[in-house]
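For reference, chains read A, B, C and D in written order, and residue numbers begin at 1 within each chain.
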Amino acid sequence: MILMKDVHKTYANGVVALSGINVDIKQGEFVYIVGPSGAGKSTFIRLMFREVKPSNGTIRINDINVNDLKERKVPYLRRNIGVVYQDFKLLPKLSVYENVAFALEVIEESPAVIRKRVMEVLDLVGLKNKARFLPDELSGGEQQRVSIARAIVNHPKIVIADEPTGNLDPETSREIMKIFEEINDRGTTILMATHSKEIVNTFRKRVIAIEDGLIVRDEHRGDYGYES
Amino acid sequence: MRHIREGFKNIGRNGWMTIASVGAVTTTLILVGAFLALMLNLNEMADNIEDDVQIDAMIEQTADEEQIQNLGNEIEKINGVQSAVFSSKDDQLNSLIDSMGENGQAWQMFEQDNPLNHVFVVKTADPQDTAPVAKQINELQGIQSVNYGQGVVEKLFEFNSYARTIGLVLILGLVFTAIFLISNTIKITIMARSKEIGIMKLVGATNGFIRWPFFIEGLLLGVLGSIIPVAIILTGYYYLVNNISQHINYSFIEILPFNPFAFQLALIIVAIGALIGVWGSVMSVRKFLKV
Amino acid sequence: MRHIREGFKNIGRNGWMTIASVGAVTTTLILVGAFLALMLNLNEMADNIEDDVQIDAMIEQTADEEQIQNLGNEIEKINGVQSAVFSSKDDQLNSLIDSMGENGQAWQMFEQDNPLNHVFVVKTADPQDTAPVAKQINELQGIQSVNYGQGVVEKLFEFNSYARTIGLVLILGLVFTAIFLISNTIKITIMARSKEIGIMKLVGATNGFIRWPFFIEGLLLGVLGSIIPVAIILTGYYYLVNNISQHINYSFIEILPFNPFAFQLALIIVAIGALIGVWGSVMSVRKFLKV
Amino acid sequence: MILMKDVHKTYANGVVALSGINVDIKQGEFVYIVGPSGAGKSTFIRLMFREVKPSNGTIRINDINVNDLKERKVPYLRRNIGVVYQDFKLLPKLSVYENVAFALEVIEESPAVIRKRVMEVLDLVGLKNKARFLPDELSGGEQQRVSIARAIVNHPKIVIADEPTGNLDPETSREIMKIFEEINDRGTTILMATHSKEIVNTFRKRVIAIEDGLIVRDEHRGDYGYES
């Protein structure tokens, strides 16, 4: 489903973020991306939905070559991938409800379906009563949960989450993990970059460790692995 | 539908930015409106002055009534001639005396022994034809000489043509400035939202999906921005026509009538506002769609 | 020092926003400059036309040379009179014949029996004094009548005064529009940075510390924005003075000389740009300092 | 040093974030603020440097009444408090170096001192080689460390950190904690809102737990306390 071959990424300022990534992720897998700060996890994630383009190498998602994809086609790729951004990326002038609904409006869902799905998913992340608020009126953890809600609202085939529990307490984190496991059980592929040793060691999944732009470990049912 | 709704909502969501954009559109259009009104009226006045130009074709003293009649017919046949009115030498002396004011009275003694000629007062359909028509008349048998203010009339036309060119340049300059300023303002407000546009693209919105609400928003900005200018133009021009024009009373100062001129002007203003609004908004958003 | 350095740096940091602001300042100032040049020249022309107004004081036919000499002295003593030049009745007839063109030749036969008067051609220091001075002259012994284009001159002055008022209103309107548009554009660009201003305050910056770089930035925006307008005014006006003015040749069209007029205008433009830049920037930033 | 009496905070949209906070923190203490997402931790923190004003109650810092402080005086209060924001709040157009230097420029330090201090503190958080980068060119964890560097660069009397390790791997988190302990040893008061059970349980300090806008627990050498 997700296939990367010898992927390199050097940013415009000369920083080498990835230097030769090879990876094969099957449909329905649940994969943690771990590694120290600045290792290249977010860059790795951003390649998949073409937020950044690789300097070298090929990326295939569902047999679509992401590099060669026409500009026009990119939105359709992105609709199949729900992304929780490390910095949330909420639209500041839209309410919580409108932010989540946006992901359904782009695929032209009917208003009735939108209302139902959005309220369902806001309920799931515990923000049903904050639907009318603006992002600025939320706490950090609440904003993060809106970003999670938006990522999963349109039942994407792949969910990519960059540090989705960084601003959540362990209790709420666990609830979010349960949601991810549930949609994973329904066949959704999940990629999650995380620094949470506790989560990785509790919910055992495949672990890919990135250091200095290279995959240094790739274990099924692995642990967080770094000494504490 | 969604796009129209979102376009309207954005007007509210962007609060201060909307007010600033609408303010820029408003001021610019007031300026354009005022100058358009002024220039179009000045143009009209120039037309009126040119229309006052006439050819005095002096008939030879020896011509009898029949010859004069024939001459009149011949003149009217010339291409470009609109009318040829006979004016006897007595009429000519009277109007000369009138035009000289107090000075003229000294000349009344010559009424018995009038040295002037009978004259055909000729008007051309297009004032620009005055010189060639006058030349043709001058060649007719029985015409002693023609007088249409040679020299002065050419200068008048030249001056008016300069004035018209300057006016046109000013108006065009102003309209282009308006286009630039309005679209520039809109561009800045959209620039301030480039991050949001980037997020929309990341969530899977197509360029069209993002562009449409901006289209509507630009249209609204333009139309909202033209409300005050239109109101000012309509009331201001109404006031002008009804008050000022009574006080100034030169034959050549003639203001264009309120209806339909003011309404046409209002329409132009709204159209400029709406078009630039849409154009500025769509062009600016294009830049940020390449994320 | 830090503030000046930061002000300069911000010009670069804000890239597109800076370009957009400078663009708005540039276009607006070009407009203001062009209209100022036009209006000041038209004003000068109106002055010239008014300066051409003169009073013809007709001397009674019976006056002898000594009386005429005395009359001249008396006229010159009247308050507001600049000069009084004697013109004999023969001069008068000649200039009448000249002014009538071909028509005038018919009158040459009256050279032996001239019905005109000797005249004092009087000029007033201030053209506006024409009517009262003429009245005073008229009351002098030995003056038959005065003629200064009664009626027409009053209308000319009235028209010029209307034209001047309209011109002033237009220029003021334009300058205020310029002020609004420039400060509005700057306001929007600063609005887009309100978040950054908030962060600065949270890090412990005083209002003054934040304001100074904006002050410098506004000054720079204004000055940068006036470079192109000044260049256009200087070269454009130079071209106008040297070329166009040779082609138009009416006595009353007299363009103000390049030096010092164009330089004064350039100075005004830079001053407007700099002042509004600073003012718009400082006023806008004030709003966001209340964090 | 920090004294809150019956502090209430209701936001403009009607949300009651704090409903009666009483707390007394002494000079040189190290205090964790824990609690579920949306409990009011960030609000509690923001009150101290007047990012928000309380609806009710009094706040005193170093015997200064924060509520009554004149607008003009607020910057001077803030210069004594170094803050690590949950959303970093970096100036996007300034480089890493300039962002950190800003905190010294406002107190009009000499250029030489600024250069020395900034490079020192960037070295401390491991970002010496990224001094010329813009925030947008950094990874999430790197941005967070810039925010930490800025908070401590001018040796403030109080350091307040809102979730300062949310985007950092355990290894880097530990290094940051060591820095905090070090400056705490030198007498700096430290308040730190965190969701990291691991940190709280490893570096034992005073723990204040907030739930639904109320302090529900206040223990010296406490543990994270919530079940995992």
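Here, contacts are C-beta pairs under 8 Å (C-beta built on N, C-alpha and C of every residue); 3 or more make two chains touch, one makes a residue touch a chain.
Nothing here was measured: the structure is a model prediction, and the numbers come from that model.
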| item | value |
| --- | --- |
| Other chains in touch with both subunit A and subunit D | none |
| Farthest chain (mean CA position) relative to subunit D | B |
| Distance between the centres, which are taken as Cα means, of subunit B and subunit A, whole angstrom | 63 |
| Centroid distance [mean C-alpha coordinates] between subunit D and subunit B, Å | 67 |
| Multi-chain contact sites of subunit C, meaning residues that touch two or more partners | none |
| For subunit A, residues contacting two or more additional chains | none |
| Contact graph of the chains (line, ring, star, complete, other) | ring |
| All pairs of touching chains, each written as two labels joined by a dash | A-B, A-D, B-C, C-D |
| Subunit A partner contacts - residues on subunit B that touch it in the complex | 2, 10, 13-14, 196, 199-207, 209, 290 |
| Residue ranges of subunit A touching subunit D (in the complex, touch as defined) | 11, 13, 15, 34-38, 41-42, 86-87, 133, 137-142, 145, 162-163, 166-174, 195, 197-198, 224, 226-228 |
| Subunit C residues within the subunit B interface of the complex | 16-17, 20-21, 23-24, 27-28, 30-31, 34-35, 38, 101-103, 106-107, 109, 115-116, 145, 147, 150, 155, 158-159, 162, 166, 170, 173-174, 177, 180-181, 184-185, 187-189, 191-192, 248, 250, 253 |
| Subunit D residues within the subunit C interface of the complex | 49, 51, 71-72, 74-76, 78-79, 83, 85, 89-94, 102-103, 105-107, 150 |
